[in-house]
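These notes open a run of structures that come right after.
Consider the two complexes below, in which chain A is the common component and chain B and chain C are the respective partners.
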Partner chain A sequence: MKVTIKSWTGVATWRWVANDDNCGICRMAFDGCCPDCKLPGDDCPLVWGQCSHCFHIHCIMKWLNSQQVNHQCPMCRQDWKFKE
Partner chain B sequence: MATKKKPSSDQGSSSSALDSSRWEVSCFWERRLQKELMSLMKEPPPGVTVDAEGAGQNLTQWIIQMDGAQGTLYEGEQFQLQFKFSPKYPFDSPEVTFIGPNIPVHPHVYSNGHICLSILTEDWSPALSVQSVCLSIVSMLSSCKEKKRPPDNSFYVKTCNKNPKKTKWWYHDDSV
Partner chain C sequence: MSLKPKRVNFNETWKELQETVKCVITLSNVPRSTWNDRFSDVYSLCVAYPEPLADRLYLETKQFLDNHVKNLLEKVRSNGKANLLKSYYQAWSEYSLGINYLHRLYLYLNQQHIKKQKLSEAEIVYGNLTPDTQEQMEIGELGFEIWKKNMIEPLKENLVNFLLEGIHEDRLGEGNPNTAEIIKGVIQSFVTVEEYKKKENLLLYQKIFETPFLQASGEYYKQEASRLLQVCDVSMYMERVTQRLKEETLRSQKFLHCSSFDKVKEKCEQHMIADHLQFLHGECKPMVQQERKGDLTYMYSLLRSVPQGIPLLINEMLEHIKQQGLQCVTSLKGENIYCQFVESMLTLHKKYKDMINDVFSGDQSFIGALDRACSSVINYRINPKVSSRSPEMLAKYCDFLLKKSAKGMSEAEIDDRLAQSITVFKYIDDKDVFQKFYSRMLAKRLIHQQSQSMDAEEAMINRLKEACGYEFTNKFQRMFNDITVSTDLNNKFSAYLKSETVDLGISFTIYVLQAGAWPLGQTSITPFAVPQELEKSVQMFEKFYHSHFNGRRLTWLHHLCQGELKLGYLKKPYQVTMQTFQMAILLLFEKTDSLNCKEIQDTLQLNTEQFNKHVTSLLESKLLHSSTQDVTPETILKLNLEYSNKRTKFRITAALQRETPQEVEQTLSAVDEDRKLYLQAAIVRIMKSRKMLKHNCLIQEVLSQSKGTFSPSISMIKKCIEALIDKQYIERTPNSADEYSYVA
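This part shows the complex of A and B:
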């Protein structure tokens, strides 16, 4: 039997590989976006701290910018440093 | 279906404009508070009940009923907590006070309902929530060994601001 493929459509899924389902700041799903964004994915990326906790970048930046003195991880209160 | 007739070329953009206005109305703090309200209604911690109707009507102010935990000095008592949220929530802590006829007699609770609890001011984190604040308050009450007011109660109540977040609290006692 000989099969000829006349056309095909590729389908892919993606998800962030994070240690949690939801952002601890906005409580939205990591596979969704923060409340200020409309499209999940590269427009609303996740960032990790050296403490291994992760957040939407927009959420953690809002928190860090709201803090005058200490910049701590909202989850573990360690000094927040972005993981390279 | 929309009642107003629009040129057909405009239909695509008008529906997306509708979507974007919906997103703008429901901003950061509202969306998070709506999520918290849903989860507090579905799975409330023991002894904690939120007035969902009131909170649903005005998301910025919630009333929470709290029962004194069994086996503690506050067993059988009922308290009311008021949470007020600013549009900066969860980056700004909620204003939390006891209200109503029964203010718990506790070394960290002033007779005007103000609570001396560090997570409500300088130790606030946006990862905390209404639920975790309620749990902290239940456990603060539960660990109490002797019902008494803070030593500076009468002076504080006479001189403090109405908003407990304006008080410069000294957190020095971690035992209760």
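This part shows the complex of A and C:
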């Protein structure tokens, strides 16, 4: 072998794969975080419903907590189920 | 002694009492028993039956004192004019003490008979009533009143002349130490005789002594100032004046009532400083320019004491610091211009801060001038149309210190310099420009592992946060976090590989960054056929990442990746750190020693810009040779089989990571874009809350909102307003051309 790779340091970026740019609950960009958090990213992740709507986890949890009986998606009013 | 009222023979009783009064007032010996008897006589007279004799007692006593003081006046006069002060003082010393004793002897009269008639204190102070002159006074007061009328009145002119003369001699240094006490005592007598009054009790002192004294003092210092000006230069003049002021303060304490101290000081200052302000002001400029600290210390303390004295000196300092600073920043040249810039600004700042502390007692107005001067130097535009390069230079300075390149400096020294650099940072107007440059340099340091220490990086981010707020450093913090959590991510990936029993064949690490936080422009992104040797790593990592993090899309930034390559085809084995594209090019030479550029580019699918950049860098490193001067598709590249290097481990990435002029250009235009967005957002926010606004008000509001981060030009704000009108966020109101309203 003339040349061999000893080590390699990769660099990559990540962004959310969401249908929208903004969270439908708090209206903040998914690039940023929910109003209760300071740093976006791992500390303020997104979650998807089976209806395929997507929110900050903190936003949807707050929303679900505030609903007395039915747990519905705030965007499409279908029953809210977390996508596995 | 019986307290019962009884008949009293006034004449007999008074005759006896008068003898004692005479002794008391002349401080002759009065036996205790006699004192006690006379004390009760006063009582008996006051309560005498069938009618009290208090009024008669009062009249007789008054008459007695009147005669006594008249006699004293004669005695004082008979001692000759030359001895006037001394004999007055002697008579006064005896009389004032005597009258105090007498006052006590007449205790009953004072307390029971006279106090009852007196107006209450409140009535005198707050009412417009003046005490009736016919009204009876307590004996002590009566004694002083009589002294004033019978002694001070007839002698006052002579007395005051002698007092003024005595003080004048003291000023000339010819005063007799023995007369000091006399002068003070005589002056004090003018105060004492009216001290009992509830209101305006310094009037006599002021009228007969203070006014002529201040007049004379003014004259004296007027002449003294002109005399000094004839024989002194400014340094000596200030020194003498300071000396005179100090002496006069001591003199005031020696002779005068404390209410006069400030008035005398003001007189001196008026005639020796304020009257010659033009002269003193004229000397300020050369004094400041030559930084004559001794002179400036005097100048400061003199000018500070008169109105309108100090502003000119503050301004001269401001101009001087500014000139020194500008001279400095306009003459910077050479390689490390950014180090020179920051360090010379810090030196300038420290020098004048120290000077202000030493010379101007740390006066806040001077600190303010220093701030204004530093700010105009640091934000100075050599060409008014081009913004200052200071934000960029400061960012570079920080970069230099935080990089591994800052060799030869101890950690503490680096830390200290970074802390100091905040001083310069605070003066920078275009903080957003600094932010952009800092962010790009931080990104490079972190991705290319060039940071000297992560602790130092974090400490610097915290300093900037403290100086400029959380928002300002938010992205820095996120970048920093991405790098620190990557260790954990890589450990998880290793564990995953183990559990899957996969061997990548190379040592692999990765940084996964949040796209929004990093200033990684899209411009460098190019298609790239990942070499087979790396493919497995890429695939395995993607598989791992997607199984761990839901809903995230990963984008590889190959132009930022780097690796270590072992070269086995040369006389010695070498380990070379290089970028992924360079690695990919070299890997293609496995089965041949020469390839043409077109073949390589087609295989790797790189765009021409990136391809040329990396080939050029390999040629410059001498690992490859080329058949032509310029890189064209036909150019043949050959492995340099004769390559040798003293070091067996080295990197050829440095040149590629250096900042290019295009990047600086890009950074600046990115700032411009951000500013436009910021201003448009600010305008919309303001208009949304105010609904309708005049053009000038809107401009003012926008300026005040953006103050902390940058100072936008009016024309830029106007352009943003126009853009928002085009986008129909706001519109001109129909009734006025310079008024806007918000479009809901």
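Following the convention adopted for this analysis, the second predicted complex is superposed on the first by the 72 of 84 C-alpha atoms of A that agree within 3 Å, B and C clash if a C-alpha of one lies under 4 Å from a C-alpha of the other, contacts with A are read in each partner's own complex, and residues count from 1 in each chain.
Here is the rule we go by: contacts are C-beta pairs under 8 Å (C-beta built on N, C-alpha and C of every residue); 3 or more make two chains touch, one makes a residue touch a chain.
Every value quoted in this text rests on a predicted model; they were computed, and no experiment measured them.
Asks: Of the partners chain B and chain C, which touch A:17 in the superposed model: first, second, both, neither?
Replies: It touches chain C, and chain B stays clear.
Asks: If you stack the two complexes on chain A, which partner ends up touching A:36: first (chain B), second (chain C), both, or neither?
Replies: It touches chain B, and chain C stays clear.
Asks: Looking at A:62, would you say it contacts chain B, chain C, both, or neither? Reply first, second, both or neither.
Replies: first
Asks: Tell me the contact category for A:9 with respect to chain B and chain C: first, second, both or neither.
Replies: second
Asks: Under the stated touch criterion, name the partner, chain B or chain C, that contacts more residues in chain A.
Replies: Touching more of chain A: C.
Asks: Considering only the touch criterion stated at the top, classify A:25 as touching first (chain B), second (chain C), both, or neither.
Replies: first
Asks: For A:72, is the partner it touches chain B (first), chain C (second), both, or none of the two (neither)?
Replies: After superposition on chain A, A:72 lies in contact with chain B alone.
Asks: Identify the partner contact of A:46: answer first if only chain B is touched, second if only chain C is, both if each is, neither if none is.
Replies: Second partner only, chain C.
Asks: Taking the stated contact definition, name every residue in chain A that is touched by chain B in one complex and by chain C in the other, in rising order.
Replies: In the superposed arrangement, which is not itself an observed complex, chain A uses residues 38 for both chain B and chain C.
Asks: For a test of understanding, state which residues of chain C touch chain A in their complex under the given definition.
Replies: So the residues of chain C touching chain A come out as 447, 449, 470, 474, 477-478, 481-482, 485, 506-518, 520, 533-534, 537-538, 541, 545, 549-558, 560-569, 575, 580, 583, 586-587, 589-590, 639.
Asks: Enumerate the contact residues on chain B facing chain A in the complex.
Replies: 20, 23, 26-28, 31-32, 35-36, 88, 90-92, 125-127
Asks: Within their complex, state which residues of chain A touch chain B.
Replies: Those in contact with chain B are residues 24-28, 34-36, 38, 59, 62-63, 66, 72, 74-75, 77.
Asks: If you look only at chain A, which of its residues touch chain C in the complex?
Replies: Against chain C, the touching part of chain A is residues 1-18, 31-32, 38-42, 46-48, 54.
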